[in-house]
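Naming follows writing order (A, B, C and D), and every chain is counted from residue 1.
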Amino acid sequence: MTATREHLSQTIIEAGRFLYGRGWSPATSSNYSARLTSSEVLLTVSGKHKGQLTTEDLLAVDMDGNSLEPGKKPSAETGLHLQIYRWQPEVGAVLHTHSVGATVLSRLTLSDSLVFADYELQKAFTGITTHESQVCVPIFDNDQNIERLAAKVQPWLENHSECVGYLIRGHGLYTWGAKMNDVLRQVEAFEFLFECELKLKAVQPR
Amino acid sequence: MTATREHLSQTIIEAGRFLYGRGWSPATSSNYSARLTSSEVLLTVSGKHKGQLTTEDLLAVDMDGNSLEPGKKPSAETGLHLQIYRWQPEVGAVLHTHSVGATVLSRLTLSDSLVFADYELQKAFTGITTHESQVCVPIFDNDQNIERLAAKVQPWLENHSECVGYLIRGHGLYTWGAKMNDVLRQVEAFEFLFECELKLKAVQPR
Amino acid sequence: MTATREHLSQTIIEAGRFLYGRGWSPATSSNYSARLTSSEVLLTVSGKHKGQLTTEDLLAVDMDGNSLEPGKKPSAETGLHLQIYRWQPEVGAVLHTHSVGATVLSRLTLSDSLVFADYELQKAFTGITTHESQVCVPIFDNDQNIERLAAKVQPWLENHSECVGYLIRGHGLYTWGAKMNDVLRQVEAFEFLFECELKLKAVQPR
Amino acid sequence: MTATREHLSQTIIEAGRFLYGRGWSPATSSNYSARLTSSEVLLTVSGKHKGQLTTEDLLAVDMDGNSLEPGKKPSAETGLHLQIYRWQPEVGAVLHTHSVGATVLSRLTLSDSLVFADYELQKAFTGITTHESQVCVPIFDNDQNIERLAAKVQPWLENHSECVGYLIRGHGLYTWGAKMNDVLRQVEAFEFLFECELKLKAVQPR
């Protein structure tokens, strides 16, 4: 195992412990990845307990999603990770999580995006420097056909280079960044804002 | 103690630590079991702190619920566990938990079942491969007469071999699987979905 | 220090760590006690961090609330603890906690008691064997004059030997039992039921 | 490093671990400080993970906000900390946190202050001895221009020497005290009361 792979493996394993511990990757859901080289990505295999990952639960793939490791089959959602690495060369890590907040809020929001405004915590997203900005998070309908889902995500990414993450309805969050710590910071910020929005909705007249 | 019993005891003790830690087995509630052989089951005795179980707190019974250990008396709910082991020979473990979510949602649902639909996390249940499925969870009224309660559960099980769990109103959840890890994954998925449903209800117009 | 005092001190210190950890004794609130002998009680002194108690933070008093330790002054609420020990000789420990649930529910309940019904978890209270019982928890208005408050509690205790706990409005819970583990189990059960009641109220039409 | 600085650094690092662990300083938000001398204050530099602070992440400034350490630049919010140290010489520590509760409640409150009344836990604030008091917490609109924000805070502080903390709308809480433990106790009390108010609002008719 190369030093890079060993380091990135450890990074993914620790991210899993954190995200599972917070309840954002329950019941073997979620998948995580990190860029190994310009043409290879390290991904979690599907169906594993995300708080108990080992280096065995990781798999290298090429940019077309082909397994580079005999006997390990990439998960169906690999295509959504690779799409992001192909979109922006500076992306070094992608996290896909399944929290209650992401699930509920994406189901409650009937329009095709969620907009965060007037939260100081928006500044935790890369590129945002003031609460007076608006952070727009697109919501795509869930689809077990990942290729079809990716085809809906693609034009949005192409038109929004500033995008920091997206939701799949009733399913979860995708977010990314240069380094794993940046992505973890963004997951925390997203979950914070999801919780705020849900609490606001629970109190406001309806 | 046989190697199997020692292994299963440890599995139950660790399940208790996890479930108590998550708040799903509070105040000495809940009971857990694992299949020892085709004709014997290992169960928790009643009234113990579920986060602090020891091998002393476990008891082997036969398929009719008779204690195989002099001096240890099976709990009243043993019958509900055995019913599931008799129903499907592939069941290796059964967990009965008492969470706030299961309690509240089963009280709020006036009809005799709860249906989960359009949640990606439904795929955490054994046999479910798409969010486009419907997971139906029957709810039985609580009854201190366990034989009478089991008699209401029996026809439902016989008619629904795909069933992954059921609720007792104001009381808790029963769920099962081939191995303890499968059952723990299902408990996590149930609790996730209970929380989603409660949050949706708290926000939607009424 | 006698063996009894050392044992009970440890019991109180561990109860504090647990209760603080659960968020039920925040910001140096709460006080705890255990019976040393038929005429002496061990109590926490006021104003201490309940997750970081030491044996120095405990004080023995007689049944009239006089300090038996020069230089340590019993807290104002000592009288409410002693009232319970005088009421029932079998009481060995008393916990007074300040949770969000107890605070909010006692403020929301305009009548002078809260009634739990149809919860399986009612069986966690000493003396309760079925969910078909009703557990009545009186609520007394908060009062900084502890003697006056105790005078309102006294007739209720005298008329309800089955009482398992009471609430002070906007303030917290008093509950007791033969041993500290019994009281901790009851605190868990109360907090579970408070949470259930609040979640039910948040969803039901109003 | 002086003994005082080493001690205060440790105090701030531990406060961060606690506050991050409770979810009150997520996603590298928040800043903390402690008074070194009558003319110097130790502050966290901005953009650090608050659960993983090291002594390198702290910076001494003078009372005008000038860095006393070459190469380290004080964060924009330094001015809000110093304003409090200048206001009351007995203040030894200031915590600025970003919780969901503070964020949501400050957005929901349209008036320019929040008033806590009839909570026993108000007694956790320095100077409060009864639930019959009223604790008034002013709310200032968020502003990325810290000088302008400080200018709005200043008259309020000058007219309310009893003030125990204030909120910035959609942003977070400022609170202070003689020692770090006092400030941590106040943060706990504020968060408890924010949670109570939000739960009350979620249940009350609207």
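The definition used in the following text is that a residue touches a chain if its C-beta (ideal position, glycine included) is under 8 Å from a C-beta of that chain, and two chains touch if they have at least 3 such contacts.
By chain, UniProt protein names: A, B, C, D = Methylthioribulose-1-phosphate dehydratase.
Just so you know, these numbers come straight off a predicted model, no measurement behind them.
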Same or different residue numbers at the chain C/chain D copy interface, by half rule: different
Angular offset of chain A relative to chain D [C-alpha, multiple of 5 degrees]: 90
Length of the line joining the C-alpha centres of chain A and chain B, rounded to whole Å: 32
Rounded Å distance, chain A centre to chain C centre (Cα mean): 45
Contacts with 2+ other chains: residues of chain A: 202
Category of the chain touch graph - line, ring, star, complete, other: ring
Contacting residues of chain A [partner chain D, same complex]: 118-121, 123-124, 129-132, 181, 185-186, 188-189, 191-192, 195-196, 199-200, 202-205
Complex contacts: residues of chain D adjacent to chain A: 26-29, 49, 98, 100, 103-104, 107-108, 142, 144, 168-172, 198, 201-202, 206
